[in-house]
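Below you'll find a set of structures to go through.
Look at the two complexes coming up: chain A is in both, with chain B in one and chain C in the other.
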Partner chain A sequence: MPAPRTIPFDYPAPKAGAAAALPGAGLPWLDALRAEGRQLSADGLPGTRMEAWKYTSLAPLAALAFPPPGEPVAEAEPGAGAFDTIGGPALAFVNGRLDARHSRLDTLPAGLRVRGLAQALSDDPAQVEGLIGDTVPNGDPMAAFNAAFAADGCIVETAPGAVVDEPLRLRFAAAPGSGPLAWHPRVVVRLGAGSRLALIESHEGLAGEATWSNPLVDVGIGAGAALSHVKLQAEGAGAYHTALTRTALAADARYESHLLALGARLARHEIHIRFDGEGARCLLHGGYMARGSQHVDNTTVIDHRVPHCESREVYKGVLDDTARGVFQGRIVVHRDAQKTDGHQLNRTLLLSPKAEIDTKPELEIYADDVKCSHGATAGEPEADQLFYLRSRGLDLRTARALIVEGFMNELLEAVGHEGARAVLLAQVAAWIGEARP
Partner chain B sequence: MSAQQDAAAHQAVESYAGERYKYGFVTDVEADSAPPGLDRDTIRFISAKKGEPEWLLAWRLKAFERWLEMEDEEPAWAKLHYPPIDYQDACYYSAPKSDSDRPKSLDEVDPELLRTYEKLGIPLQEQEMLAGVAVDAVFDSVSVATTFKDKLAEMGIIFCSISEAVKEHPDLVQRWLGSVVPYSDNFFATLNSAVFTDGSFVYVPKGVRCPMELSTYFRINAANTGQFERTLIIADEGSYVSYLEGCTAPMRDENQLHAAVVELVALDDAEIKYSTVQNWYPGDADGKGGIYNFVTKRGACRGANAKISWTQVETGSAITWKYPSCILQGDNSVGEFYSIAITNNRQQADTGTKMVHIGRNTRSRIVSKGIAAGRSDSTYRGLVRIQPKAAGARNHTQCDSLLIGATCGAHTVPYIESRNPTARVEHEATTSKISEDQLFYCRQRGIDEEDAVALIVNGFCREVLQELPMEFAVEAQKLVAISLEGSVG
Partner chain C sequence: MLKIDNLHASVDGKPILNGLDLEVHAGEVHAVMGPNGSGKSTLAYVIAGREGYEVTDGSVTYRSEDLLAMSVEDRAKSGVFLAFQYPVEIPGVGSATFLKTAVNAARKHRGEKEYDAMEFLRLVKEKRAALGIDDGMMRRALNVGFSGGEKKRNEMLQMALLEPALAVLDETDSGLDIDALKVVADGINALRGPERAMLVITHYQRLLDHVVPDRVHVLAQGRIVRSGGSGLAHELERSGYAGLGLEPSAAA
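Let's turn to the complex of A and B:
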């Protein structure tokens, strides 16, 4: 019996009164968008017979019961955040709702505009329509859930030419004792031409409760602008995380993504890059570390639609115990996208006999004057490296830890913001420190 | 490349597009065919026609019942586009008339057939004198002539058509048929299991090294006849055999369906080398006509230290759907896949391999070279799977694509599944056009552009070409060169 294409999922519809509690209810375009999303999401969750979900089964998520969206969320204490030490402007979402008490928007740097989704919808619905009205989930099943049920989020904009020195932090925290909860944050980032911004997104939570975070981050980078996007995902053992980040680059724009995925029972980070203007570049660095029975999926699609763009992608991970890693990377080069330069690499260290990695690096190329390559490796730490360290008196455990740390740090060294880099390096060290002897 | 060179390359592509398929002709031999269509009676007709035992008919019918349930399972995941195939429109059995009284020697062979082979460049009379190549030539569905049989028989090697093997060696056939590709394997293999008409059978006994390359030329002839070859090769402990398969087909307007199954079994310390040159009619410049080639090829390294090596040069067919695979069950067994796939005009090729590592210290190597020109699409699709018990397994995959012209596509879709930490899996893939530096280097030394490109592409394919047996290497290089002539400079 072949697996079904979709998994039935009894996700509750908003209650009659609660539907009105979703921000912007009553706006015809938004109601239509939500109705469309609901209709698409009614098919259920994507099943493993869908090629894009071949290696990641959402069946355990489908077994959970969540309260209907739009219900009021009680205020809760999220605890300290990983990036608190950095300072600067910050937005905090606790259990999916913007929490003013833990946000810092009073001292926004010049050229940076940040608003909560609800506020923006009441202030200037026409502008928000321009930003999210056309984001029809084009068949992406998880984006459909987001379109239907997004109850909060934010809109981040930079003025043309603005160089924002301080990074903006977006923190999504699950507060302890929150019970089964789901949130579908919608984040819109728009960089004006020639502007510069660093964005630090973190998903944290110590709670063991079943939570489902389904963020959709929609990024548009103007001509010649540059965004450095750091994402730390370190949620609790009961969490499900299904994120979609969509980035469109105008001419000569630059996008850097630095992802470190550590937490959650099941996490999927899907990144779609679209080159709309010539001369743009993107760098995708992804690190994943999983143990126990964690499942971590990284799926990327880089769409080279125009000539003279460059993409660099390196994903590295460490899998222990019975953890399972998935990497699906696709580079598409369209017919006229000549002089495309695309490289992709996926490397995985398997630390346990029961860990598993499934890798699918894909090239789909329709132009001849291009340079594209991909590489993938999987295996345990090199015997030579272990021998080198042990011959210098290190015990096996220390030697392995050192190799793992070096393997991961190589990737994180590229993070431009010093403070953010230090936090990520510390997270890696802490993960290794938690290893059982 | 400079604009001028580009233009020259373009022109050359155009000129090749106008080139007619060199091997396109139809031999006019009266065929003894089953009526078009497919039902249980067709299968009984085929089975009766071939005088098969009851168990084989039962097996065919079992496959047919399964195939009927597979209506929705015709593979749609490959990067191939073709109109739906009407399986009731094809003719499932066609044998040359002379079958009922088989010729005892070449003198008795229908002269029309012999002329066909001459046109193909394989005159049987001369074949015997050629460097030790025995030929089991398949004309449409029934073997017509087999040579060198006596010499092989002396060593205990069985090399005959599968129909003959069913009669002469039923135990071997019954034991191994469907043991690597079960009747229910996939849509096309299941169809093949139900309706296969002929193919080759090879058995190499323990410790025997087959002294010559065994070769079969397949040829599709009668109009509207699908070809459903079934090949079974068994290499018993410590034996070695090299098998050559090559194909050309006459020009046709209607698409011809071809769904072959090849099964290889290598026991302890045995080695099978299977080489293919496939040059079936690819259709005309607009993609009209051409062979649909849906092939299931799989080898099982059943024993320790066994080795199976696939080498293929795919230049023909409108559509190629083919993934020669190795199931590495025995400890220390080795699987290899060397492939050149050249597509031009509107050809579509979705081909690659599967390496399934089950035993300890199993090793596999994949080298795939895809060359796309014209408006064609070439896809490498492969799977490397390391099972939990495959400690010390090793895989290296290299997939390179070369694009000639701006209207073709080259795609790489590897799947890598590793479930053992001591295994090492490495995959590399590149896509590029012919390097301007290399071209410049050659031209600077007085080599004209066409030769320079030929040289570079030959170098690009070298790792695969050198895996081919001598007899095949000549034909393969010629085929590569023909494709190049048309495609560049």
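Let's turn to the complex of A and C:
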């Protein structure tokens, strides 16, 4: 039997009253967008016969029964957050809803504007329409769910020229609750020309319960502006995480993505980069660590539409037990995008003979004067390295742990914000410390 | 301290050591010389316990224990140290972090108190000053991008910190400039003592001018073919291995 193109998914429609409870209900453009999303999502979840989902099956997600969207969510305690130590402005979403008690917007640095989605929709619906009112991005199946059911989110903006020193934290926490819960946060980030911002996005959960988070993060970086985007995904063992981050760069803009993916039963981090202006650069660093039967998928699409842009991708991870990793990296260089400089590297340490990684680089190059390359390695920690460390008295376990930590640290050393970097390094160390003897 | 009897060892099924005998007592420094490919590094690896170096016959006794029965790390913790001919790069692992982990593993094994960060820093500072290693190197990843000479000095720093009972130095002098050679030789001499033994593998008399050995052995085709006092090294320097009736580069 051929794999299905889509997986039937009985995701409940909002109840009559609840639909009206979604923020901005009644705005014609938003109702239309939601209807479009609902229509697309009614086809179900993408199946493994779809090229982009070949290695990642959402069948276990389809088996879960979620309550209808728009139902009120009880207040819950999310516990401490991984980046609490950093301080500064923060938005917290607990079980998908903006939680004012755990947010800190009273001390916003100059030039930074942050609003909850509901707030923005009631204050200035026309502006929000300009930001999210277009059709479902790429007709993307997961973005369709987000368009249809986003009940919360935020809009982050920097003024032209603003250099924001303190990072802004966006925390999405699952609190111990009852039964499966899903959320589809919509985040919009717009950087004014020449401005700078560091964004720290985290997805955390203590609960072992089934949750599905399906964030759509839409980033626009103005000319000469720079965004450093740290993302930690450390949800509980029952969680599903399907994220789409899409970033458009104007001329001379810079985007850095530093992802560390540790959690969830199944996680997919999809990043789309679009170069709209010349001289822009992006750096995508992705780290993943998975064990047990976890599945972690990193899928990137880099769209070089204009000349003289540079993209760098390094994805490194560690897989243990029967964990599975996926890396799909597509680089498209359009005919006019001469002098494109694009490099991609995927390296995986396999700590168990049953751990697996599928790597699929895809270079589509239509210009003739470009520098593009890709590479991939996967294997056990090197015998030479293990022997060297053991010959200094480290036992096998410690030697392996040190090699694994070094492997990941190499990637995280590039995180510019010292506090954020320290948190990520500690997360890596804790992951290693949890290994079974 | 170390007694090797009729040692036969193969790598990938290829016999490399063919009946090697060697005894080193506490307090002694022995030099091992010999043509390229004669099996010197193989001997060092067998002593350290590297995987893939299969002992097919003979025995190695260390402080009256069967060394070959011990794991790599247990050998190290009980005082065996190998300074590598080619030290291995460990990306992402800070040199200082690694040193502290290694030294504390040894101290813990000996039932001594582990060093805290401050104590350790002080100790490292003192030892690295003696070896002319700057602090910048300590902050870099272990051996990554180190020059040949820096790697060798770093091996000596590890030796100085781990204070082994039996040190095997595999061509530690190769790749060192003249001043560094002197510094490293001083480091080796500083560790000489009645409780320690050393096996110094080298191609050159230079090092042995500074570190005068008690015995010199010539290894060829997997066995010790000649042993003598420190004068033997001078003799080799003059007439080469051919003067001993050996083929030059007798690897094959």
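Just so it is clear, the second predicted complex is superposed on the first by the 435 of 437 C-alpha atoms of A that agree within 3 Å, B and C clash if a C-alpha of one lies under 4 Å from a C-alpha of the other, contacts with A are read in each partner's own complex, and residues count from 1 in each chain.
In this section, a residue touches a chain if its C-beta (ideal position, glycine included) is under 8 Å from a C-beta of that chain, and two chains touch if they have at least 3 such contacts.
This is a predicted model, so every value here is computed, not measured.
Student: Going by the contact rule set out at the top, does A:Asp384 touch chain B (first), chain C (second), both, or neither?
Tutor: Touch status of A:Asp384: second partner only.
Student: Kindly classify A:Leu363 by the partners it touches after superposition: chain B alone (first), chain C alone (second), both, or neither?
Tutor: A:Leu363: touches chain B, not chain C.
Student: Which partner does A:Ile403 reach: the first (chain B), the second (chain C), both, or neither?
Tutor: In the superposition, A:Ile403 touches chain C alone.
Student: Let me test your reading of the model: by the given contact rule, A:Ala193 touches which partner, first (chain B), second (chain C), both or neither?
Tutor: Touch partners of A:Ala193: none, neither chain B nor chain C.
Student: Which partner does A:Arg392 reach: the first (chain B), the second (chain C), both, or neither?
Tutor: second
Student: Spot which of chain B and chain C makes contact with more residues of chain A, would you?
Tutor: B
Student: Pick one for A:His374: touches chain B only (first), chain C only (second), both, or neither.
Tutor: first
Student: Tell me the contact category for A:Glu51 with respect to chain B and chain C: first, second, both or neither.
Tutor: First partner only, chain B.
Student: With both complexes overlaid on chain A, does A:Ala159 touch chain B (first), chain C (second), both or neither?
Tutor: neither
Student: Enumerate the contact residues on chain A facing chain C in the complex.
Tutor: 383-385, 387-396, 398-399, 402-403, 405-410, 413
Student: Please give the residue numbers of chain B that touch chain A in the complex, ascending.
Tutor: Counting only chain B, the residues touching chain A are 77, 388, 401, 403-433.
Student: Which chain A residues qualify as touching chain B in the complex?
Tutor: 51, 335, 338, 348, 350-380
Student: Which part of chain C faces chain A closely enough to touch in the complex?
Tutor: On the chain C side, the touching residues are 48-52, 71-73, 75-77, 81-82, 84, 87-88, 90-93, 97-98, 101-102, 105-106, 109, 141-142, 158, 162.
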